[in-house]
Amino acid sequence: MANLNINIGKLQLKNPVMTASGTFGYGTEYSDFIDISRIGGIIVKGTTLRSRQGNAYPRMAETPSGMLNAVGLQNKGVDYFINHIYPTVKVIDTNVIVNLSGSTLEDYIEAAEMLNDLDKLPGIELNISCPNVKEGGMAFGISCLSAAEVVREVRRVYKNDLMVKLSPNVTDISEIARAVEAEGADSVSLINTLLGMAIDSEKRKPILSTITGGLSGPAVKPIALRMVWEVAKAVKIPVVGMGGIMNAADAIEFMLAGASGVQIGTANFIDPTVTIKVIDGIDEYLNRHGYSSVIDIIGALEV
Amino acid sequence: MANLNINIGKLQLKNPVMTASGTFGYGTEYSDFIDISRIGGIIVKGTTLRSRQGNAYPRMAETPSGMLNAVGLQNKGVDYFINHIYPTVKVIDTNVIVNLSGSTLEDYIEAAEMLNDLDKLPGIELNISCPNVKEGGMAFGISCLSAAEVVREVRRVYKNDLMVKLSPNVTDISEIARAVEAEGADSVSLINTLLGMAIDSEKRKPILSTITGGLSGPAVKPIALRMVWEVAKAVKIPVVGMGGIMNAADAIEFMLAGASGVQIGTANFIDPTVTIKVIDGIDEYLNRHGYSSVIDIIGALEV
Amino acid sequence: MKKFMLDLIVTKNETLNDQYSLLILKSPEKLPEMFPGQFAEVRVDNSPTTFLRRPISINYIDYETNELWLLIQIVGEGTLKMCQVKVGETLNLLFPLGNSFSLPNQKNAKLLLIGGGVGIAPLLFLGAYLKDKDFECNFLLGGRSKDNLLQLREFEQFGNVFTTTEDGSHGERGFVTQHSLLKDSNFDYIYTCGPTPMMKAVASYAAKTNTFCEVSLENTMACGFGACLCCVTDTTEGHVCVCTEGPVFNITKLKWQI
Amino acid sequence: MKKFMLDLIVTKNETLNDQYSLLILKSPEKLPEMFPGQFAEVRVDNSPTTFLRRPISINYIDYETNELWLLIQIVGEGTLKMCQVKVGETLNLLFPLGNSFSLPNQKNAKLLLIGGGVGIAPLLFLGAYLKDKDFECNFLLGGRSKDNLLQLREFEQFGNVFTTTEDGSHGERGFVTQHSLLKDSNFDYIYTCGPTPMMKAVASYAAKTNTFCEVSLENTMACGFGACLCCVTDTTEGHVCVCTEGPVFNITKLKWQI
């Protein structure tokens, strides 16, 4: 058994494997299949200050080695989370982290203040990159100035771990990463989904109700890996990598490229036990290659 | 038989199907498999003012539903093209178009001037988006100012059709499209490859000699389709769509999203007869849906 | 209800006609209890275009032999591949997923189960289940033509079978909702599954006659167990997931214009 | 040479051991003429991770029965799927691709064909071809152990067979380049295919003894017919495509440090 413990910002994880927001519900959806407390961290559904109905149906389109979603941040709001979800998830023996989205700076700040009071919530993932709703924060995430501003203001009120989730729909993601680092982010996570579109040629209609949606799954892995590589070189804070991770080898690639931790999203839908397989697979890899700790492979790519 | 003729900028095509630069050699590589004169247009290999050896091996990595390449514009230069390739390709009864790349403004201008003298060359595709070499023009293609400048200068010296090939590695591709339209581009083509990366986790090394490379194939189709949709709404000049087209349905999706023509790239490697199948498939679709001309489906998406 | 991910062994793959196949899958472990209306998410390997699982209703379950039936209509790559599995191969299933049809409250209630196309799949299981609980079922099954009426012999074991075909090749000519049964009799409970236009017509009949009516909805699903929120339908309670709150809905909950 | 894209029918799929299989494919149309060293690009359907074709050498060709042999070593998903095809199924091939080994100039030249691992594949065809042209071949085949020496019986039909194994389980113990044959005899022509380190050792022996030597290179290929420029190797003439200018190269053209 290699040592899988890893600290990412202020978070202490028993292993580098987390679940990506919006793909793992509140964790409990998976407890029939796995012991969710074995996972390093669970990033819960995208949460907004006030409850949201999300987008109209259809919200999903399958694409080659991937999928588009247009869920649109359906959630019951921060209040509901605090009163109804938090009590049940805070007892899970792992890091439960809230993915926070907003449409205005004030929304972000108000929600972050409320979450700051939860003593068993080790951190939030600030989502400034949801492509599916105007209010999803992508407007914040695609410019350095606005990304910096929202991180600065949230940082002022939020004292625990602040992971900032970056959008891949930009010319230079390292620039944004540096901007949020400068404002006090504890870590950055990437990538959120890539803006894409699917069309039914026979019906001559877009498949999604929203026309465009967010692309995830193995199709995006090469792009995600490149961005993690770029960002890891650009910032000093830890990087959390994701995008198309389906197995331990994929996760290891992200860590070699410089990620201190990974998140698994779409793969959970196909194999609800994938997180555990990835954790075990990383351990097996470390043993086979003679590493005593997972820390040894972070950024260990030989170029 | 529906009418497949289409004019794109100053080009007159017998059908909307072209081949993407760098994937179809000079056309003759495919003549054992198909009658290449049936294709609407053949965009030949990326050509630069002076000859280039391209990048070191390995230049290719397979990815889920796609591939990364790092060819790096290996070509023998414009002079060689004019003296040795042009005489053999100008007799092909279709539009043979040169894809032109450069590392400096002067290179672009000088090469464009030389190509302007070829009376059987109906146009060039200005590549300001190759991600694989510093000299590939992507530096031009990711900022409005520099994209505008290179198009302005080339437009001054090049009188035939000027198609400008855009990079998808940007925050707002419509902005770039509008900038090159304003400088006199006859059409825009998109997308070039997305910057990606592949790692061999067992060897702990990047797979490509250049670490990062350009992603193409069906994996990128949702992104390409979205960008074509955005750009077609943003500009008045015709749009040529590409990215992951594998069959007629894919090509039709691009046209419904607003493309006047399409280019097929990576698919040629897997099926060297795919261009002909797509042409026939578009015809079949038009007949089945009662359209008399391919023009009827351009931008015909119902939203 | 606890959900499972299991590799089941294909013991039979019967081609019913060029569109439909019946798969019988055997579980090495004891099959968990399931209820009619529930479904499985089937993994389709070996194809880049079938990245996600496919939701398929439980068609029938035989606890004694530990066998599960799936009735598949070929509509695309995924269902095609499923119908090509060979006896002895395995299919990976997540199940049982979703809610189920409700049992009638009165023992001697008049029950009508209306199915069209592949929508008959969950109704066979429902019929078997109801019969087991001593209810008497009437099945009204519709199809374009005789060839689209499936599993009639199986349905007959569990109740009275009525049919309609659009071309009149079997039963009454027309759509299920035009069947004389609906004019002549009154039912207490209607359960239906099939193409949405059919279900809407049934729902509208039920609403008019003030009959209890449950429909089983289709939807595009990414996970099938409530994790992705991709499969919503609009209800009186807002957007709810078809995979967890459904697929069975009482029509009074839906926002259908009926 | 004209290239073809054809669906060939699998007439035999013989598992040689857990790593290797021999596929025999029959062409409905008359097979075009091919030369030893040439290869085919095989399409591997039904897998998202085998998007591109796989280059595989022509192992043997029988114009009379219109059959083509492929010798496959399982190293990943693509070769695994190829080895799982069933008799009667078809494989789509682009072929013949690439250049071929050169014929010796002198009729009574002493020829040595050195192969390691799956690199023996093109050498069988080469041996058959040379024998047909009345040359006498010596085959030197190496493998980790006895089990990795393949098609020995076939090779014996076309010349003298010498072997080495790393564990000494067949022939001399050691690497091919350590075989006594190389010390005791002089050859006029050496043809080799196998792992790069092996080929480099052979090339270095040939260079030292001033022997004509051709090697067949591997490379990652996207197209296999000169369209993508992905498969270059560095030569005295700069970057050239292995799929069109090769896979066979005279060692004097390569920039190997030997």
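By letter and in written order, the chains are A, B, C and D; residue numbering begins at 1 in each of them.
Assume a contact is a pair of C-beta atoms (placed from the backbone, for glycine too) under 8 Å apart; a residue touches a chain by one contact, two chains touch by 3 or more.
Since we're looking at a predicted model, the values are computed, not measured.
Considering the contact criterion stated above, the chains in touch with subunit B and with subunit C alike are A, D. Greatest Cα centroid separation from subunit C: this falls to D. Averaged C-alpha coordinates give centres for subunit A and subunit C that are 36 Å from one another. Separating the CA-averaged centres of subunit C and subunit D is a span of 55 Å.
The geometric centre of subunit A is 47 Å away from that of subunit D, both derived from CA atoms.
Contacts with at least two other chains are made by residues 61, 63-66, 217-218 of subunit A. Touching two or more other chains at once are residues 48, 51 of subunit D.
Residues 2-5, 43, 48-53, 94, 219-234, 238-239 of subunit C are the ones that touch subunit A when the two sit in their complex. Taken in their complex, subunit C has these residues touching subunit D: 46-48, 51. Across the interface of their complex, subunit D is touched by residues 22-25, 29-30, 32-33, 45, 53-54, 56-67, 69, 71, 74, 217-218, 266, 268-273 of subunit B.
Against subunit A, in their complex, subunit B makes its touches with residues 61, 63-66, 68, 142-143, 169-171, 194-199, 201, 204-206, 211-212, 215, 217-223, 225-226, 229, 244, 249, 252-253, 256-257, 285, 297, 300-303.
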